[in-house]
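Below are structures written as structure tokens.
Note that chain A is present in both complexes that follow, paired respectively with chain B and with chain C.
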Partner chain A sequence: MVSTFIQLLLSGAIAGSVYALLAIGLVLIHNGTGVVNFGFGDQLMVGVYILVFAQQFLGLALPPAILVAVIVSGLLGLAIQSLVMMPLRNRPVLIPIVATIAIGAALREGVRAFMGPNPWPVPFLLSTSPYRIGGISIVPSDLAILGTAIVIMACLYVFFEFTRYGQAILAACANPTGALIVGIPAGTTTTGIWVLSSMLAAIAGIVIAPLTTLTPDIGLIAIKGFAAAVLGGFASLPGAVVGGILLGIIEALAGYYISSAMKDIVSYAILIGVIVLLPSGLFNRVSVRKV
Partner chain B sequence: MVTRREILKVAGGAMVLVATKSAYAADATGVTDDKIKIGILGDLTGHAAHWGTGNLAGGTLAFEEINAAGGINGRKLEWISVDSESSAPKGIAGFKRLVDQEKVFAIFGPTSSAVGVPLLKTMSSSSVPIFIPTFSSPLITNPPVKNIFRSGTLNDADQGRIIADYVASISKKHSVAIMRQSDEYGKNGATNVGNRLKEIGNIKISEEQFNASDTDFTSQLLRIRESDADIMVVYGYPAPSAIVMRQAKQLGLPVQIVGSTATASRTYAATVGKEAVGTRSMTTTRYLPEGDSPEIVKFRKAFEARFPELARQTRPEATDQLAYHGAKTLIEGLRRAGRDLNREGLIKALEGLKDFETGIAEPTTFGPDRREGNRSGFVLEIKEDLSRTVLPKAYSAI
Partner chain C sequence: MWGNLAWVLWLAIAALAPFLAGQYLLYNIGIVATTAAIVSGLTFLSGVAGLISIAQSAFVAIGSYGAVLLQMHLGIPLLIGIPVAAAIAGVVGWLLGFLCLRLDGHYLALVTLAFMGIVHYTIINLDITGGAVGLAVPSVTLFGFTLDSPMAIYVMAVTASAITLWSIDRLIHSRYGRMLRALRQSDIAAVSLGADRRSLRTMALATSAVAGGFAGGFQALQLTYLDPQQFTIVTAVFYIAIMVVGGMRSVHGAIIGAAIFVFVPGFLSGLEHYMAFILFFFVTVMIVVMPDGLVSIFSVGDRLSGWMASRHGRKNA
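Moving on, here comes the complex of A and B:
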């Protein structure tokens, strides 16, 4: 039935935009610092808990609570970079990656101790009442996730492609020594990336958490973000978005037309197929390093 | 003809039984003239911390109250808490620490199936009385183990049976869909529901599954819509179950939703939102923690005063309530065991409990061959204002 197929495409795209938001954050950190941030999901979680804390215990309305959450998350990114990543900057790349795992676990258990293990309700940004058009349910709050993913991707794309600071970040990441020679301080740009990605994590979390419910373990959904990032090439922001949405749609179609038990098997088989056939993902050019 | 080998085998077995019995009888480890030392084992961190923190809070509150009232037969309770960190190896290490180093008399916990089931062999080979107030794996009490008791909670086998009996009684189309989590929790629950429905007969059963970390359930829900079921049983953790229930309403599924006890938490309706209205959940007790019976009000006020940081998280919850009920039941066992306290005496005293009431959870009955204290459940419903009400009929798994 056509309406069922369209419903699956729509729902898959919305689930995929959750993965895309996560993938964008992962790609941003990876592009800007060379580190794969396994604590990204937990940074996302912290951002939403700050929102809940600001609303429930400080009595703030939703807009200022969101602002507080985004700013405090940015400061968290600054702290991570200044206190952990900066001292580890000259160590083998595996060390900072392991550090991100440790930071994630510390944030998760810290929040669990302070806010408890129970789920907290998070307010939806838009209505959850569906509009029904030709047998298809369209939920405004779900569309907010898709819209946020596209807007963030567009903003970051413009930032990196068309602003001097964005170009400086990319240059510093590609060649820190060369960038330093031409006056781009690698440390400052790396700090900027950590702050930016942490703020992005908060925004992503605030959009996603009403759908998924908020617990200290919400960050575990970042695993799907990793899959989406790999599908998109792990270095490409448009690739992260398309990879995420594609993964969501594949899951939805496989779950309906094959079996819900086979959904993940089919999705990850396709993912492995892409990695084998296109090692750089769907959207990433193979980089050639001249020596 | 009886062989020499068979005689030796029987004699050996009898000697082990006698030795074990005498070990229990003589064993007053952890008991002094003025104190009884209890170990509290539970997941205070990790994914199962909800139950472990409840176990600690409910136990602490009941133990402090009995101490303030003068203790048990002239002795005060002393307790030590160990965090099993939602991890089976940590749980085993914690159990051994409580038994071998801390020399406790009895243990209150563990608190999750993920820790308790791998710990079962270690627990059953010890002589320490173990009292479990929360988790739901049927393997813990079936077959019964001499030193392991459980109160309050409804085990997964009984819960599956009760859910099946309930949905069979309300399904007009005789068609039930089971939407279950893909892990052991969901698989066992769905198997128990499905088996009982097959026993009842004349009911079409369809089944879909999901992962605990999934965020979209459209494909499963559309398949259920086509199955023509008028009941959907959701057997999963609270977070994915909340999304399933919300999306089912948004997709306009014409089904009555019935969740497992995992969806019977106090904050669940607020987590789902207005789509929770009309959904039903299985619950282990007729007493809700936000209820107004005198015992519940007294418990809630005492809990909120003692644990303001937990009250801030909209607790007490069912887990706190079950732990408090369990601790009071254990205390009753210790009281009935008398001043001449030893492990055999406590086990005998617990076995003698019949319909022991606390007014906090369902009455507890144990026996020489019964270690599952509660075998009944209720159904609760979310009302228009997102408050909860327990439907009057009790369902028994016996």
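Moving on, here comes the complex of A and C:
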């Protein structure tokens, strides 16, 4: 009984660590540009397809294929930012949000057209044969997911806390006008945010794809990122991490104790419930916009 | 001026089509009409009120499933059931707006996205909706006549669409539409002049839901079958794309957008694999180079006449 519960917590936390990566990517773009990126899930999908393409058609081994996928995803983010989002930056926020929806749909339908609607196999990062430790089974490939997520988050922490560029991005997110006044170039930080966030999408996709099926519709998983980000208040990076892990655990528990169909509905319900009841997330106090 | 001309043109096409068009073309013109009417709800919400909904397809589902279920289980005739189901969609839209529109506009996009997902899962998992298999739409009977010929369905669908489109057009130009536009352009100024931001926006979402439910109910008559795969986030995104391509400032944009999405795939039938990709790529390009939609090609004339009028006025003054 207890070991089932611990097992659920563990698998929830593992899925949650990926949701946390998604939420970080979404919160970064939202903080930096005021836009909710509805094409994020489709960028994730493209990242995984690049990995599959690099392996199956270019014959690369897994590590260089991952590198190619992450770099090309970053370039895709650069292209989205400089060709679409940059020209739209002074428009009412509705327009860039609709643009992200359209970009997402174009990516999804493009991949469906060129790679077909059927699932592709994605390699696991480590072996899938479980070890048993005290009644709990631990799967190396799951640990690889958790490990990747922790390493990425640690890198991000170092980047944002200890590098000039990271600090500039945080400053531009916190107060865009103030950052401009002290000489932080807005264009460069926004571009940096888009590249970083797109690379995060690819990494999250590569670690989660083996657990699901890779079809052009895998991008719907971004819903979990939205729910995690909203749980964390859609403003802070630590909030996004906690929100992601919490969502993973709630999902695992609801899927086991209520019904497995609940697992899919839970993130939708959390998304609506949190926005309605706790619009600034679990951790922030309500901020009222003043004239 | 262009608006009235456009109305004359649309009504002429709709009225002449039964005499000139073949059955296939007639069916497609009918689909353009109902799709445009569904999208006109979004036009009102996005183009006028400046809000985004990724749930228009959910309101279409409420309208069409609602009408069919009312007929099957309570024996309410479809022609009464569709407006009733549209009203239910409106109440649901109002509730959704009431719950989340005290917040910033993006939250509506997120909430409607989640709502769309919940509606889709509900349709698939309930027995009453036929689950993943779907439901057949019964035919309309009126005074003992069964109206199931293509012509009868065309007339009903186009009439309902014309009513929807015309009502939305009137609403855009009403006091209510002007207050929403004022809120979109500067909410602080509009609120300080006495506009109630939350209730106006909530009503806008309810209005768009009613349009989606009503036109959706009639579209169900045309399609004759309700498949849960018609009611997903993907179809909701299609409606947004149609709105953007035509132009989100007037119902004429919705009509032009719907015509493009219905007819262009037919012209390029050799490329059907790439069709959705080409359309969405086109939508993305449109947003960047022509954010007011294809309709803005025509408003060049309006701008020109406005400019001439202002010059003329200056000369007189």
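List of remarks:
Quick note on the criterion: the second predicted complex is superposed on the first by the 254 of 291 C-alpha atoms of A that agree within 3 Å, B and C clash if a C-alpha of one lies under 4 Å from a C-alpha of the other, contacts with A are read in each partner's own complex, and residues count from 1 in each chain.
Here is the rule we use: contacts are C-beta pairs under 8 Å (C-beta built on N, C-alpha and C of every residue); 3 or more make two chains touch, one makes a residue touch a chain.
Nothing here was measured: the structure is a model prediction, and the numbers come from that model.
By the touch criterion defined above, A:Phe159 lies against neither chain B nor chain C after alignment on the C-alpha atoms of chain A. Of the two partner chains placed by superposition, chain B and chain C are both touched by A:Ala113. In the superposed pair of complexes, A:Arg132 makes contact with chain B only, with no contact to chain C. Of the two partner chains, chain C is the only one that A:Ile272 touches; chain B does not reach it.
Look at A:Phe5: by the touch rule set out above, it reaches neither chain B nor chain C.
In the overlay built on the shared chain, the residue A:Asp264 is in contact with chain B and with chain C. Residue contacts after overlaying the shared chain place A:Glu251 against chain B, while chain C stays out of touching range. By the touch criterion defined above, A:Val230 lies against chain C but remains apart from chain B after alignment on the C-alpha atoms of chain A.
Once the two complexes are overlaid on the shared chain, A:Ile221 sits against chain B while remaining clear of chain C. When the two complexes are superposed on chain A, the residues of chain A that touch both chain B and chain C are 109, 112-113, 220, 223, 261, 264. Within the complex formed with chain A, the residues of chain C that make contact are 46, 50-52, 54, 99-100, 102-103, 105-107, 109-111, 113-115, 117-118, 121, 125, 184, 188, 233-234, 237, 240-241, 244, 273-274, 276-277, 279-281, 283-284, 287-288, 291.
Partner chain C is touched in their complex by these residues of chain A: 36, 38, 83-84, 87-88, 91-95, 97-99, 101-106, 109-110, 112-113, 220, 223, 226-227, 230, 261, 264-265, 267-269, 271-272, 275-276, 279, 291.
Interface residues of chain B, counted against chain A in their complex, comprise 45-47, 49-50, 53, 182, 208-211, 213, 215-216, 218-220, 222-223, 238-239, 242-243, 246, 250-252, 265, 267-268, 270-271, 273-275, 310, 312-315, 317.
Within the complex formed with chain B, the chain A residues making contact are 4, 7-8, 11-12, 14-15, 18, 57, 109, 112-113, 115-121, 124, 128, 130, 132, 137, 139, 208, 211-213, 215, 217-218, 220-221, 223-224, 248, 251-256, 260-261, 263-264.
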